[in-house]
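In what comes next, chain A is part of two complexes: it sits with chain B in the first one and with chain C in the second one.
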Partner chain A sequence: MIKKVLLLNIIIMVALVLIGCWNARELNALGIALIMGLDFENDKVLLTAEVIEPVPAREKSSMGKGTTVTYVQGIGDNLFDAFRDITLKFDRKLYIAHNKVIIFGEEFAKKSSINDIDLLVRDHEQRETAYLLIAKDSKAYEVMGIAAGLEEIPGNYVLELVENFKYNPKAINIKLAEYLKYFYDMGRQPVLGIIEKKEKKQINKIEKPSSNKEYQLSIVGAAAFNKEELVGYLNGVETKGFNFIMGRVKTGIVTFPTPNTSVDGSSTPTPSVESDISLKRPTKIHMSTMDIVKLKTKKDVEIIDNNIILKVKVKLRCSLEEVAGDIDISKEENIKEVEKACSEEIKRGVGNTLLKAQKEFKSDIFGFGSVFHRKYPKEWEKIKGNWNDIFAEADFQIEVKTDVIRTGLINTPISRVKGK
Partner chain B sequence: MDNFKNINKISSYQVILLVIIYRVIIAFTYLPIMNTPPGNQDIWITLLLSIPYTIILGLPMLYLSNKFNDLTIIEYTEKILGKVIGKIIGLYYTGFLLMFCIVIVATLVEILNTTMFIETPTWATTIIMLLTCIYISYKGLEPIARGAEIFVPFILGVILLFMVLGYNNYDFTVLLPVLRDSTFKELNIGALDRSIKFSDIIILAMITPNLKRKKDLNKIYIKSIIYSVIIVLLLAITTQAALGIEYAKHTIFPFFTFNRLIDLFDFIQRIDVLSVVAWITGNVGKIAGYLYFTTVAFSQTINRQKNQPYIIPIAIIILIATVLIKDRRSLLGIGEVLQGTILVTSTITIFVIPLFTLIVYFFRRKSLK
Partner chain C sequence: MISKKIGINKQEIIGIFNNTSDLIIYEFETESNIRMMVCYIEGFIDRNLLDRDILKPVILSLEMPKDIKKAIYVSSMEEVYLMEEVADKLTYGSVAIFINGINKSYIINLNKWEKRTIEEPQAEAVVRGPKEGFIEDISTNKVMLRRRIRNRDLVFEDYTIGKQTKTKISIAYIQGIVNEQILKEVKIRIRNIDIDAILESGYIEQLIEDNPYSLISTIGDTQKPDVVAGKLLEGRVAMFCDGTPHVLTMPKFFIEDIQASEDYYARTYYATFLRFLRVFSLLLSIVLPGLYVALQTFHQEMIPTVLLITMAGAREGVPFPAIIEAFLMTLMLELIKESGIRLPRAVGSAVSIVGALVLGQAAVEAGIVSAPMVIVVAATAIAEFAVPSLTEGIILYRLILILLGGFMGLYAMTCGLIIIIVQIISLNSFGIPYGFPLAPGNKQGLKDSIIRFPLWTLIFRPKILEKKNMIRQRNIRKK
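What follows is the complex of A and B.
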């Protein structure tokens, strides 16, 4: 009998716990954040969060664009304090497990980014897969709340922009875990993506008679760090160069001056279509474009006569997407010229990026230090303390090899008459 | 239930699975190797180097278990060292196993309270865990071993799955240069540390009488060491390659943190919950096993045939100790005290006492016959 009573008590006790009410957090009690911005204001941490408004679809359709989210702000001595400050103004506790983008205001990034984001790594709710962005020349909250795309939710608009990195290497997408990984690496300094608010050209204004300026966001460029210190920005072309050096380019385009090798002797001109179109061609430099199919980069460091040489070897396979100018790419020697021109363009871009990191940032954002460490571990022990200074003075060699593997559906630019 | 030795006969395969999972679950949880000297990209070498150390350290215990393969370590220690010293050492072994039980329960509670049940009090989480473990322990060694045949492949499968799915997070260059940043001394200290802390090997000395094929003992010993080291090595390498050396050292649950990074094809994401399920399964299996062996050690020390009457009282002790420890301090967050305690007690348990017993055995072997 005692056993049965005891067992019954245990079952009741366990049932109370196991029905799932203990840690229950109902949807109507959560403030689901999609994007967060961190700023400093009067030396305090200012947290801005975009919280989704769970509105039924029927009601949502009658509401205007951008009404599906609301913005909340909290201020405190540190990030957690700022989080809890929100509970005094907003009726729900923030839930950041779905937060996919964290934006640092420029001032926040300059003063101290790493010290004030301890909570984001210590607490289990924030995922390490969230993207980190720097709001260039502005506060984080100033770039929030803009949805200039088809996405209704501004947070998702930013997320889609960042994920579009795969189509264009002029931007960069770095996640929280990746940032931390390189923050601790003595041989490589972190780089983060940036976000900027830009005025949007107003088209079709009659239908939208708003006198207010319209804005869109741009993620072109990258922010370079020396440990936790923001040392400068790379523009779009330099960021592309950075991505080439790091081998981060999945797809993307290279636009380069079309080589001026007017040779087409293999075809006979067609009399009926002979015209003077080629004579009217302006003298400007024509630009052609390659689409990258596959890219491989190898970084190396060598010590030659006590001088450190940084080496970058880029190998890419491309598809010729656009040719403007005077060239017949059906000829092998012309294709080689095109490949050479493309390689030269990449070389120039990579070189400019390297120079900027060396002379302006004095920060090894490429990880040559790690390569040096792997190759010359003994020497690394002696110089690791001032690697950035050594990197800034090192010579570099860039080698680029382009292979055109596709040329599209035509072999001669449309402005040329075949054989002429 | 009658004498557990006669009823609970288990196969070599089951024992290997048990020893492997008892070790792997620690690595799966908090990968202590990350912060073991040299604490850099060479820790996989430390792990490999720990194999011979582990074998050597366990030799006295293995020799005695082979000699007295019908007795557990508690029984043959008493037989060799005499009643008084034997009982004192028996109580020490009971205490050691009990300590491990408490540490495992506290660790599991810490995982659950950190990742899922933030507001649930320690006692509630501990009771839920212990109730399951009490039930399994009551059923005896054979169900524990048979259960291992199901849950160990599941856990190892989950580990393998995460290793495969995390492929796009790997940067194996972080594992270079090899053997350039570590000294021979650091590697050996690390290997020795790992070997000593592989105290789960004591389970083998408790299980020997229950083995179906007792002559397999040496094979089981070697196989369980090598297999477990290989799995821990894979866990360490993949975690370092995904998180980097230093970030991996910063995290309390390194492999779990790596699991959280998995994001494939826009739909394979947030699957770390599978990791938590495997964690709970593995830890419950380990707690149940240790609870069983603690009660067996205790019952043998006080010369009792049955271990079941002591399961609930010992579980209550574990509950009280866990609540007292967990409500004061994070066990894994401030791991220095824990690691120090494990190092000292494990050295005594798996090497010092068996070596002393072996020396006495050589002096008394004629009289023991």
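What follows is the complex of A and C.
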């Protein structure tokens, strides 16, 4: 009996040792990377990483500064080669489990980036929740190292920018896993966020007569792909349209021309839009703003007489935040007008984006293909090879329904008096 | 045998006590010329009483030796015929009276010695509830219990254990509530003890325990009479031991360590909150240092980025690996605790100040240990005192988990915790599962486990202890 118990104990011990966690690393042997940039340089992969420089707390207070970072670069035939190149120049091993943002240089993105990021998914360290960004018109390392916000660490500054997406749908945040999902999807092409370096308007030049320009980063816009090929960029407004179609808007605002009604309530109709979608905004001075509370989008595809029609239905509930012009919003019919005007504005934006994707990119970045696949699986089999061409030629219908749920604390615009 | 002649008796008793110097023998003659002798042990009896109420009336008015009971003013007197028995009684603080011509000895209990006054036990201080605690004298302790349960069913049974020390042991139980089987088992185990000395109830605890090799004890230990009363009323058996304020209660459940007497005096929500707090601090004090070491050496990806940056900063320039750091600090903490207890009061506080300053501040500033490690160890130390009765086990479990976590990461810690939990659940206390009411689950028992239900809903005694007299109360709030 005792022998058996002893044997059992030994087996348990051995089992513990054999399958216990491996790869013990002390914290002070790691180079914690927060952001990585990938570039092509002379047909080799250039990896730039921002590494935390840990400062002991006792020195931190005496030096009067917070965490600092340092940049390491490695170059190699592929990504892993570049990683290991770093160990020859940098004293600590790069640790990328906390890497939250990966930036592709434009050249890297154009030269089939997907082939070179196999390691990021295969290796266990990199999180698939890291954001992917494209450095528009520049190398990745050129946009790194800028901290124009309050964050001391440039990498965190970029991360916060990307996460600010929820306040403004003019940008987009796509994670590594999402990118791959869209890449594998036959009926949908990937879209990635972009990042740009912008010169800052100098403030207080007299006091600080510096020749070196100050920069800040901007993530407005998005990059559209056709499979691995970078086909073009969406600007801020188009990105907003894209987010409307995809239903990705968390919160955000819609600014639209105020419908023209007099304060006493007799409404004059808004200048009629010639076609269903007018791509030009009617010239109006007064603009009002809605804050989106909830947004629901439905994409649909229909075959009518052998023509494929793409349908987008947007339903949103919003609160009226800012009103300018001649309108008394305490009147029910005027609110209807406001809702209509807001819907028109969204229609314009969505239509613009759709047209751009159709005519310019010839790439279904919205996933209408997937919708088509689900609805007409047999037809899909026939056309899936050239879906992008079919998409580019298809007609579309956009339906927007706006619901105003709050109008704020005052009825008439602040410049008007009721009854006059 | 006691001789009729005083002289022989005197020689014999001196012989029995090996001529010890604190044995007092006083020979005298009464008015009516009866030769007598009293024996007692110095400092063990009330000499005023002896002189005033025994010797004075005897000397003045005793006429016939057989009329001794008429002459002296005491409430109890025994007649003993054996010299050995006389010697035994003397060691309990009795006075033996020998009369020339009578072959027996009259034993009068006059014991009185210096006792510690009743104080609040420092290890079990309470905010609400009785503050008195047991003292070293067994009869005082028994009275304290009797004052709480004024019931003729409260029974004390006395034993004398220890061939040299002849220590008085007394088991207490409530007839009609106690589980007869457990009581029988307790009695058998006590009778089986064959040891020369019992100096503290810890001796008995180790001798009668079910699982002597377990890291945690399966016999309860308290210094408070209200706690003992509560346990007896649940059907347990208590054991008093002369010479110690620690009273044992058995059988014991694991859950008792997170129950405090105060829980029952406080409002139910607060009591429940306190119990959650104790469970949390129990987990914390066992797991925290190991977890910290494991996360730091194996699972950096699980630490939030900002915290990781701070931790990396703190680790910068620290010469030891995290596991050695954790081990060092944990041992230093135990050292401070231990020396704080052992050293004389005046020096003790100095040690803790020096320890806190040296370990808490200077070591961090010198870069020998990292500040988060000091915080972690300090947190465990504080958490540990929330469940004081488990301290012995906690420290050892903690060291084991630090080793496992430091060498093999979270995986091994999980395995270690599983083994610990399995080991705890597998324990028995006098045939009753230690994990009750959690491990053999019991709905009624769970009402008084981690959540303390309102007092009026705790209708039954622990089911596993007693089956016949289960009902504790009638739910008066139920319509």
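Here is the rule we use: the second predicted complex is superposed on the first by the 360 of 420 C-alpha atoms of A that agree within 3 Å, B and C clash if a C-alpha of one lies under 4 Å from a C-alpha of the other, contacts with A are read in each partner's own complex, and residues count from 1 in each chain.
Here is the rule we use: contacts are C-beta pairs under 8 Å (C-beta built on N, C-alpha and C of every residue); 3 or more make two chains touch, one makes a residue touch a chain.
Keep in mind that what you see is a predicted model, and the values were worked out from it rather than measured.
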Practice item. May I ask you to decide whether A:E128 touches chain B, chain C, both, or neither, giving the answer as first, second, both or neither? Key: first
Practice item. Mind working out whether A:L34 is in touch with chain B, chain C, both or neither, as first, second, both or neither? Key: second
Exercise for review: Would you sort A:I10 into first (chain B), second (chain C), both or neither based on which partner it touches?
Suggested key: first
Practice item. Considering only touches as defined above, state whether A:E26 meets chain B (first), chain C (second), both or neither. Key: second
**Study point:** Which of chain B and chain C A:N42 touches, first, second, both or neither
**Key:** neither
Practice item. Kindly classify A:R374 by the partners it touches after superposition: chain B alone (first), chain C alone (second), both, or neither? Key: first
Exercise for review: Could you list which residues of chain A make contact with chain B in one structure and with chain C in the other?
Suggested key: 17, 23, 127
Check your understanding: Given the complex with chain A, which residues does chain C contribute to the contact?
Key -> 294, 296-301, 305, 308-318, 321-322, 364-365, 367, 371, 404, 407-412, 415, 419
Point to revise | Footprint of chain C on chain A - complex, ascending | key: 12, 16-17, 19-21, 23-28, 30, 32, 34, 52, 54-58, 60, 67, 95, 97-98, 100, 125, 127, 153
Point to revise | For the chain A and chain B complex, residues of the former touching the latter | key: 10, 13-14, 17-18, 22-23, 121, 124, 127-129, 175, 177, 180-182, 184-185, 370, 373-375, 377-378
Check your understanding: Which part of chain B faces chain A closely enough to touch in the complex?
Key -> 114-120, 124, 127-128, 131, 173, 176-177, 180-181, 243-247, 250, 257, 260-261, 263, 269-270
